[in-house]
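Take this structure first; my questions come after.
Labels A, B, C and D are assigned to the chains in the order they are written; within every chain, residues are numbered from 1.
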Amino acid sequence: MGKAHSMAYATMPMFFWPAPARPVKKLIVDVTDELAHTAAERYAWESHTTNWEAAINDPEIDLIDIATPNNMHAEIAIAAAEAGKHVICEKPLAPTAKEAREMLEAVEKAGVVNAVAFNYRRTPAVALAKRYIDEGAIGEILNFRGTYLQDWSADPDSPLSWRFQKKIAGSGAVGDIGSHVVDLARYLVGEIEEVTSVVSNFIKDRPLQTSGFDALGAGEAGRGPRGAVDVDDEAMTLLRFRDGAVGSMEATRNAWGRNNFITFEIHGTEGSLYFNYEKRDELQVAFKNEPADRRGFRTVYTGPNTPYGEALWPIPALGIGYGETKIIEAYELMRAITGEAPIRPDFSDGYQTALVDEAILASGASGQWQNVPLYERQNLT
Amino acid sequence: MGKAHSMAYATMPMFFWPAPARPVKKLIVDVTDELAHTAAERYAWESHTTNWEAAINDPEIDLIDIATPNNMHAEIAIAAAEAGKHVICEKPLAPTAKEAREMLEAVEKAGVVNAVAFNYRRTPAVALAKRYIDEGAIGEILNFRGTYLQDWSADPDSPLSWRFQKKIAGSGAVGDIGSHVVDLARYLVGEIEEVTSVVSNFIKDRPLQTSGFDALGAGEAGRGPRGAVDVDDEAMTLLRFRDGAVGSMEATRNAWGRNNFITFEIHGTEGSLYFNYEKRDELQVAFKNEPADRRGFRTVYTGPNTPYGEALWPIPALGIGYGETKIIEAYELMRAITGEAPIRPDFSDGYQTALVDEAILASGASGQWQNVPLYERQNLT
Amino acid sequence: MGKAHSMAYATMPMFFWPAPARPVKKLIVDVTDELAHTAAERYAWESHTTNWEAAINDPEIDLIDIATPNNMHAEIAIAAAEAGKHVICEKPLAPTAKEAREMLEAVEKAGVVNAVAFNYRRTPAVALAKRYIDEGAIGEILNFRGTYLQDWSADPDSPLSWRFQKKIAGSGAVGDIGSHVVDLARYLVGEIEEVTSVVSNFIKDRPLQTSGFDALGAGEAGRGPRGAVDVDDEAMTLLRFRDGAVGSMEATRNAWGRNNFITFEIHGTEGSLYFNYEKRDELQVAFKNEPADRRGFRTVYTGPNTPYGEALWPIPALGIGYGETKIIEAYELMRAITGEAPIRPDFSDGYQTALVDEAILASGASGQWQNVPLYERQNLT
Amino acid sequence: MGKAHSMAYATMPMFFWPAPARPVKKLIVDVTDELAHTAAERYAWESHTTNWEAAINDPEIDLIDIATPNNMHAEIAIAAAEAGKHVICEKPLAPTAKEAREMLEAVEKAGVVNAVAFNYRRTPAVALAKRYIDEGAIGEILNFRGTYLQDWSADPDSPLSWRFQKKIAGSGAVGDIGSHVVDLARYLVGEIEEVTSVVSNFIKDRPLQTSGFDALGAGEAGRGPRGAVDVDDEAMTLLRFRDGAVGSMEATRNAWGRNNFITFEIHGTEGSLYFNYEKRDELQVAFKNEPADRRGFRTVYTGPNTPYGEALWPIPALGIGYGETKIIEAYELMRAITGEAPIRPDFSDGYQTALVDEAILASGASGQWQNVPLYERQNLT
C-alpha cells in the first residue's frame, strides 16, 4: 500500500492537470527505522520516522494517510482529526463498527476532510456504471449480485498474516474483501436494509509467519508451526436494499483460479450491467430498448470519453491498472482538501459499510436476518 | 417440448449405436384434434388423440412421456404407473411436493422406470464436471454458486402464459428454472440440508394470452387486458449442503441480456470449476497443482474424449445444441427400460428437488432458514 | 457425415413446419455390405447396397446425397445428373477445379437442383451477419479476416486418413477446411479476384491407418509403419475482392487448443462483425453510430428473432449444434426441389470456391499473386 | 508520451527496488515556451526549454529521451550520440530505414546505450510468452499471427494529425502500429526473411487539424477544410521467418470496435499461445501434453510469479495498465545504463524493424515477395 499511495501522490498531477493540489510527501512512518528509511528512499518521501505521532504533531503536514493493519486505524485517525489534519484511511475503516463510529465522530467534530480507500469504485468502468444508472439507462434496479473471489490464501500452507487474526483484522473475508463489494453495492444501488448470511472458516490454521511482511500470494508455503485462524475466509449473504431492490454478495479466499475477481451484475427494468475487475477496462451493458435482432450485452472500453478519461490515457484499452484507481483516489482527495468537491466514500461510508459487515457476521452467527442500522449523514452533499 | 422429445426419439439410435432400444412413436396426445393431428404429422407419430387415457390403456405402449403444463403431471403419471407403463415427466415433477410425492409412491409401487427431464445435467460439459469431481480432481467441495438467468419474460408486456399462474405452474422462477439449478447442485455436490431465501415478484400483471400457445420469447408484446401474476419471477437463496459445503442459487426472469444463462462455479480444496450453458461446449477448470506461472482456468471443449463423446460429433466444438441434451436423455431412458443401467434423475430426485423448491418458497415467506426433509430412496443404485 | 445427413432428413420437418417436403430415406450405399447394412439400420434407411449405381438407376429416388471421399464426387454426381436426379455433394465439390467444372456442366445441362454442403454458412449467426451486411448496417466492407484452425491432426502420430492423400482428397487444409472460409468470404463479402499465399506441410508422414474409418480426433496415436503426407496442412493467404475489399484467410490443422475455430472479422465503414463458430450462438457486432460512451462490440444470441429462428428453439441460447446447420441445409434443399426458392451454394459456388482454392495452392507454389477466374453463372437468382 | 515517460521515471524505483538508478528529470523540451513550461510543471521536470540542443549540450544530462514526431528522431538521436549521451527513442525509430541506419551507426560509433520504445513487449504476459517459448514449452514454432487493430481514426472526419502525413510520419499504420507487431514477432519467433503484403489507404483525406495537439481518439470530428492523407491506414502481410516458421500480420486503423487490439497467436509443435493486449493481464496457453479430457487453453494471470511480478503488484489481476509497460521499460533502460544488463530492443532492433516495415510497403507497391535484409548486430548479447 505504501507503494500504491506514494505512486499516486507522485503522479496524480501528471494525469489530472491542472491538478487541484500537488501533494508533497513529507514524512513516512514504518515500524522499524530500517523499514522507514528504506520506504522513504524507495518511495521518495522527504523524511521518515517510526513514531506516527510525529506526523500528527508536524504543523507542515496537512494530510494523514493511514495504511497500517486495521487495529491501528482508529487511534491514528482520531489523533489526526483532533490535530486538525485531513485523513484518508485504508479499508476497512476499522476492525469493528464501534471504532469506525468513534473515528467518524472525531472527523465530523474536527471538520476535516476524511476518506476511506475503497478504491475499486474509482475504476473508470465502475464510474461509468454509476453514470448509466444515474442517467436511468437501465431503469429501476431490481437486483445486484456481487462477488470478490481470490485464491492467494487458498492454500492452507500459506502464512498466517495479520489478515487472519481477529484482534488485528477484526474479520476475515468480510472486512478485507467483502467490504469492497458492499461499498460498490451502496455506491451503485443504495443503502442495504437487512442481510442473511452464511459465514465460514474452512482453513482452521496456517503456518506462523516468520517475517513481518504481509506476503499475500507471493509467499512460499510453510511447513513450520501453525497458528489458529480466528476469522472467516468466506461469506455469502443475501441483501435487501432500502429502495426495494434485492441482491447477493459473496466473498471468498478459497476460489482457486480467481485472483482479484470483483464482479457485479445489476438487473434493471431497462437493462443490465456486468463488470469484472479482472478485465477492468470493460463495462458490459445490455439495453432493453434495442431491436430484437440486435439486443445483447455490449462491451464498452473505458477511455477518453468515459469518466476520468480525459486525464488518463488517450485511447481506450491502452488500459489502466491498479495504480490508476489510486491516482484517481488521490485526485478526489485533493479536490476535497482544496474545496473543489466533497469526497465520497468518507468515514460515514466507512462506518455504514462496517455496519453492513457486522450485520453479515451477526447473521452468520445467528442464522437470522439482521437489520442494518442506517447512519444519517450530517452534511449531505 | 414435443419437438425436442420427438427429435430425440427419432435420432437417438443414429448417435448411440448399437442403441439400447429403438423408440417407436406410437401415439401423440394434444388438447385439440387439430393440434394433435398436426403434431403427429410434424413429429412423425403413428397416431394421435386428444384423450390421454387412450395412451395409458394402449397395451402396445410401454412408455408415457409427459410434457403437459405442470398441473397435469400427477394425474397422468400416476395413471401410467398404475397401468405398468414406464414414465418420463418434464420438470418440475409437479406443482407441489405433495403431488410429487404421490407420483413417486405410484412409480415405486408399480416398479416402473421413472425419470424426470432435468436435461441440463445431460450436457456433456456438466457430465465432465461430474467426472472431475468423482475423480477427486478438485478435492473436497467447499462452495457452489449457481444461476439461471433469463429475459424472455423480462418485458412486463409479454403474455401471461400458464407459467405465470400458480394453479397451473405451482411456482414461477423457482420451479421453472431454479429447479434445474437445484438438480445440478444435487448432482454435483450432494443433498441440500437447509436454505434461506429472498423470493420476489417484480412484474405484478401481464397481458392475457390470446392463443393457447406458450409463446416464450418470440411473442409480441401485448396491449390488451391484463391478468395478475401470482407466482415469483425471481429467487435468491443460500444453501447448506449436508456434507458441509455451502452455496447459493439465483433464478430470475428479469435479467435483460441473459438468455439461458445457467451457470455454476464450484470451489474445491484442489481446484475450481465453471460452466455456462450459453457456451455449453466448454467446461472451465482450474487446478491447484499447477506450477505458479502456469496456473489458471483452462477451457476444455467437450468432444470424443469426454462423456457421451463417442456417440456425438467427431471433433470437439462441432458442438452440441439443446437437442443433444434431449438425445442423451432418451438414451439414458432406453438404457433404463432395457435394464442396462438405472436412470437418474428419477422421481425420487424430482421429489427431493420439489422439497428444496418448497423450502426456498417457504423461506422467502417466513424469513427463516428452512430445513429440507431428506427422502430416503428405496432402491439405491 | 452419414449421421449428420440422416439426422437432418429425419428431423427437418419437425423444425420447419409446414415442411417444403418430407424426405424419405430410400437407399443408403456404403463400401461393404456390412457397413451398408449397419448404416441402414442405424440411420433408418429403407434399404442399402454397396453399388452406388443402384441409387442412380432407382426411379423412386429423386435426390442423390454424396458424402464419399472427394475423389468419388465427380463420377457419382455426373451420373446422377445425367439420370435427372437432384444432387447435393459434400465439400469440397471435387479434388480439382477441373472435375468441379465437369460436375457443374453436368447439373446445368440436366437442369437438376444442385447444392454443395458448405454448412457453416447455415449457422444462424452467420445468416444474421449476412442480414446486417445486406441492410447496410456495417456500411461498405473494407476488410475480411477468416480462419479455420483445428488440432485433431496436430499430432504427427495421428493416422494417415484419406484426408492426407492427394489422389483422394485433392488438397489438405486448403480444400478440407479453407474452402469453408472461402465460402463464407464469398457469401458475406463477394467474389475474390486474386490471392497470394503461403502453403505449408509441416507434418511429412503419418502412421498408416489400419481401419477404413476416418477417425479424426478420436483416433489413438499410432506407432506402426508410416506413409507420406502429400497435401498441405496449413495455408495462409491474402485476398483481394473484386469490389475493392481486402482480406486474409488462414487454415491450419496444427493449432493446438483450437478445435473447430472458424472465425471471421469484418470491418466496414459503419461497423464491424465478429463470429467464432466455437461459440456459434453468438454474433458480435460493433456499430459506429453509437454514443462514444456506449460504443463497443455487442454479443447477440441467435434465437426466435434471427434467421431460421422461428423454426429452431424458442429461446436464444437454448442453442444449436452442428446438427442444426445440417437441418437448415436440408430445409433449403427441399425448398429448392419443390421450387420454393433456389439454393445456394450450388455447384457454381462449389466450382468458384475450387478456383479460389487452386489459386491459393498455385500462389503457394509460385510465390506470385494468382488471379482467380470468375465463372459467370448461367441462371442468376 | 510525455506523461507516460515522466510517470515512468518518477515511479520506477518505487516498483523496482533497489533500483538500478534513480532518474532525475532535468530538462524537458517542447515546441513553444508555454508548452514546455506547462510540461515541466505538470510532469515535475527541473527545467524546460524550446531548444533541444540545450539538452544535448548539458553536461549534467546523461540520457536523451526522444518522443517527438518521427521526422525529428534522427537529428536529435545522432546529435545525442555524438555528445556521448545515452538515447531512448520512441517508435518507429525513424520515418525511413535509411535514417534508422544512420541513427544506429551513430550510437554504435559512440558506444552509448540505445533503446527503442517498443513497450508492448514489456507487458508481463508477453514476457511470460517469451519464457514459455525459451523453455520449449510450446515446442518448435510453426506459425505466428499478429494483429494491431484500432478505431480512433476510423472516422473519416477525425483530424489530419501528423500521423497521416508521410513527410513527418514516414508511413501510416505500418510504422505506427504494425511496427509493434513486427517487434513482437521478432522478439518471440525470430527474424523475418521475406514478406508479401497488401497495403491500403481507405480514407483519402481528413479535416485539417486546427491545434498542434495529436488528438487521437478524443478529438471532435471536424467539418472544415480537408487535406490529403498520403500514408497507408491498413496493411496485411504474410511472413516467412528465417527459421522456417510462417506467419501473418495485420495492422489497421479502420477496425470499428477495436481499441488497442494487439494480439498474437502462436502455434508450436507442443502447444499454442494467445495474447490480447486489451486483456493484458492474461496469457492463454494450450499444451499438447495434457490428458485428452483436460486439454484446452488456460488463462494465466500475470502477477508475482511471472516476469517482473515481484516488482509490480502483489496479487495477480490487481492488474497493470499502459503505465507499467513504460515503468518496466525505464527499469530496463536504467539497468543498461548502469551496466547491469544490455537492453533490447535497441537501435539495431529498431533498424531491423524498419527494414521489415519498408519491405511490407515495397511489397504492397510491387505485388512481389520482398526480401528483408538482415542486419548483423555488432555486439551480440
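Everything that follows uses one rule, which is that a residue touches a chain if its C-beta (ideal position, glycine included) is under 8 Å from a C-beta of that chain, and two chains touch if they have at least 3 such contacts.
Everything numeric in this text was worked out from a predicted model, so none of it was measured.
Path length between chain B and chain D in the chain contact graph, taken as the least number of steps between touching chains: 1. Distance from the centre of chain C peaks at A, each centre being the average of the chain's Cα atoms. Mean C-alpha position of chain B lies 34 Å from that of chain C.
Centroid to centroid, with C-alpha atoms defining each point, chain A and chain B lie 40 Å apart. Residue positions of chain B touching 2 or more other chains, listed in rising order: 286, 295-297, 301, 305. Taken together, the chain D residues at the contact with chain C in this complex read 138, 142-143, 145, 147, 149, 154-155, 196-198, 200, 202, 234, 236-238, 240, 246-248, 250, 252, 254-258, 265, 267-272, 274, 284, 286-288, 295-297, 367-369. Against chain D, in their complex, chain B makes its touches with residues 128, 131, 285-286, 292-301, 305-306.
Within the complex formed with chain D, the chain A residues making contact are 3, 6-7, 10-11, 13-15, 17, 19, 38, 42-44, 150, 152, 215-218, 259-261, 277-281, 301, 303-305, 309-310, 313-324.
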